[in-house]
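Should a chain be cited, it is by its letter among A, B and C, assigned in written order, with residues numbered from 1 in that chain.
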């Protein structure tokens, strides 16, 4: 098998926690604490997990919008975790992002036309004259009239704005698009439209997606594979059916049981987690999940479980799960 | 530098609705428009050359003589002509100083806010330090060091009053730079300069416009004051400030010579201040000082 | 608290260094540089100036000169006046009481008036009084101090002849309190105008904010009378932003004092500044710049400490 489009190994993003007074470093927020991921060309990997588990930070670190403090990011076979601005430039065309908030992600003082022309200006693609044509093409692709170019973002609805955000991400014809909860801010009726648009684009262009979400229903629609994150780490990765019907990690099981009926037909055994998610500034020793884990053992509090492959494409990081 | 150019049409409508409710601001806008027009057309409106001496016609009272509607001064020069031409000078200095203030303040504010880190710390400590000196002191010292020309006076005023603008712009940028549209621009590979000046700066246009309007008022005030003390606009060129210096000597006998230029300064300062206040309320209700 | 004071003191150090750097830089920017009195004097030869430079250490590298000058400043050696050769610090301190008297009386008037107007406006929000007061404050803030001063002289000294037009005492009446007060009235009024406007605006919004908070509602629910609520609960809480304002406004107070003193011939530091400017007394000018700069740094420091003394939460931040 050829190397995956994206291969992330041991990714760490640690934010310094500073004292408000002397700005002394008094601790570390381990937002991302050793994440392994792989994305093949044309596939969709979903990242799920509770709020604050580090999904956004992982996505932004992969795009190098946040500097990782450790680990490796290989894109198209090349290591980019340490690249500087200049070396990153060619990769900027190959990876893009769609944000959660369709209001904050479009510059309110720029017309849609200039927002969509920006990628071409930055990368000096085409002449100023034919950029208008390119912008019109992008708008058509996402199902908006070319006249939209003259208007400002606030004149559009949330769903339309998200289409504009997708058009911007498409402009440079990337191979990978990271969607950071791209539909969670939209009305349910609009969510399906945007998801269908993204699926259509994937089919037409062979795009790979990383879909960040905490909505398992959405995940069950779009994902080929699913990675479950807990407190800065990936605890389980599996193909979609495997994950929904044969989850092995206690956290994944709890997550699935908390949702009324993510997938029709899945048996339900309600299992409510005890306690709150600990702060990533003070993650528990050993397995991050052990204070809340229903089957934790003594060794879980001491030793972090390594990720092990238990079936083709199915990896679990838990001491109690054996192949 | 017009904020309205960057504002979408429907927003202009909303801003105008809010602005219209502010009666003092409307009055301020009218005064400012009138002042700008009279400064622009000073040579047309002025009854005669403001430097023309006529010692036979000294100290004419206002409204006494149609040739000199506002009377004449100690050298027989026509007061109305001098007021109009002096206003031209004072407003020019005020506007050039404002542009200097806003350009310097915006540049420093956006650099500090966007780049952060030690550059931010250094620039903001510099701002703090500059603010420790009373502006009039700083202004007079520097004004006394450089030969007074209209340009040098404007620059000196501008370069001693940009600090608040830089704080306002920095605060705005700190808030803006965390927004996703900036992350989107970075993901596209936009340069820092492009993000600072194309993405962020237009979004700070509203507070900058408000600060700019208020800065014209304070610059006119500063010009009049240093001219009054003899370190600003030099005679025979008339400015409202140096008209007051001369008038002070004849205060007890011909008070209108001091009242008229002073009233002109007051009117200008109020006009721009009220306009700025109204713009603040209209453009950004969050910035409102009064409820 | 001690830790907070120490920390705040430490923070003032870079500010003081910055103030000294700007002061030092300005002195070297002055026409003729620090030796202007000699270089501008046509009877002194070029060779003599070179000798003087060596004597004063001005041939040394700039940072050495700065360190020497700064240590001099710290130990009270602020140089000598060009005319008369008197110690600069002595000349400045001589003028300090007059300025402090003027600033103090104007500030007291402004705080009493401004606070009352502001609190009344906040309590009777949107009443005729409130509207008049806020509009009036807006007008007052736009009033050029020096023209207001001239007009005040015109009306009260020249036309009505109620009050003297300038100076601190009548000739031959030096030391008479009555004479001093008569001379103090107009400059105080002029300097207080803008500060009163600022204070009424700020205290109005500070009180409006405080009055909307929970503890005020609790106090009302408990049936405390309005005056007690205002004094016991609102005032201490509104005091914080107002004390901060006191610190922040210090440079403006100095600027205003300078303007007022020149108009009224009040023999304080502002008057000294303008006189020094006219006589090209650069050492005095620099001394005054440094003095006000340090005064402002220390003033803000004291304001912060006062705020921390009122509100323990500030110390933790």
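Assume a residue touches a chain if its C-beta (ideal position, glycine included) is under 8 Å from a C-beta of that chain, and two chains touch if they have at least 3 such contacts.
Quick caveat, the model's predicted, so the values are computed rather than measured.
Comparing per-chain C-alpha centres with the mean over every protein C-alpha atom, the closest match is chain B. Distance between Cα centroids is largest for the pairing of subunit A with C. Per-chain Cα centroids separate subunit B from subunit C by 24 Å. Between subunit A and subunit B the centroid-to-centroid distance comes to 50 Å (mean Cα coordinates, whole Å). A straight line joining the Cα centres of subunit A and subunit C is 56 Å long. Touching two or more other chains at once is no residue of subunit B.
On subunit C, the positions that touch subunit B within their shared complex are 14-15, 18-19, 21-22, 26, 29-31, 125, 134-135, 138-139, 141-144, 146-147, 150-151, 153-154, 158, 201, 204-205, 208, 251-252, 254-255, 258-259, 262, 273-274, 277-278, 280, 285, 288-289, 292-293, 296-297. The touching residues of subunit B, counted against subunit C in their complex, run 24, 125-126, 128-138, 140-142, 144-145, 217, 221, 224-225, 228-231, 244, 248, 251-252, 255, 258-259, 262, 265-266, 269-270, 273-274, 277, 289-291. Residues 6-8, 10-11, 179-181, 183-191, 194, 199, 202-203, 205 of subunit B are the ones touching subunit A in the complex. Those residues of subunit A lying in contact with subunit B across their complex are 60, 63, 65, 88-89, 92-93, 95-97, 99-101, 104-110, 118-119, 122-123, 151-152, 154-155, 165, 168, 171-172.
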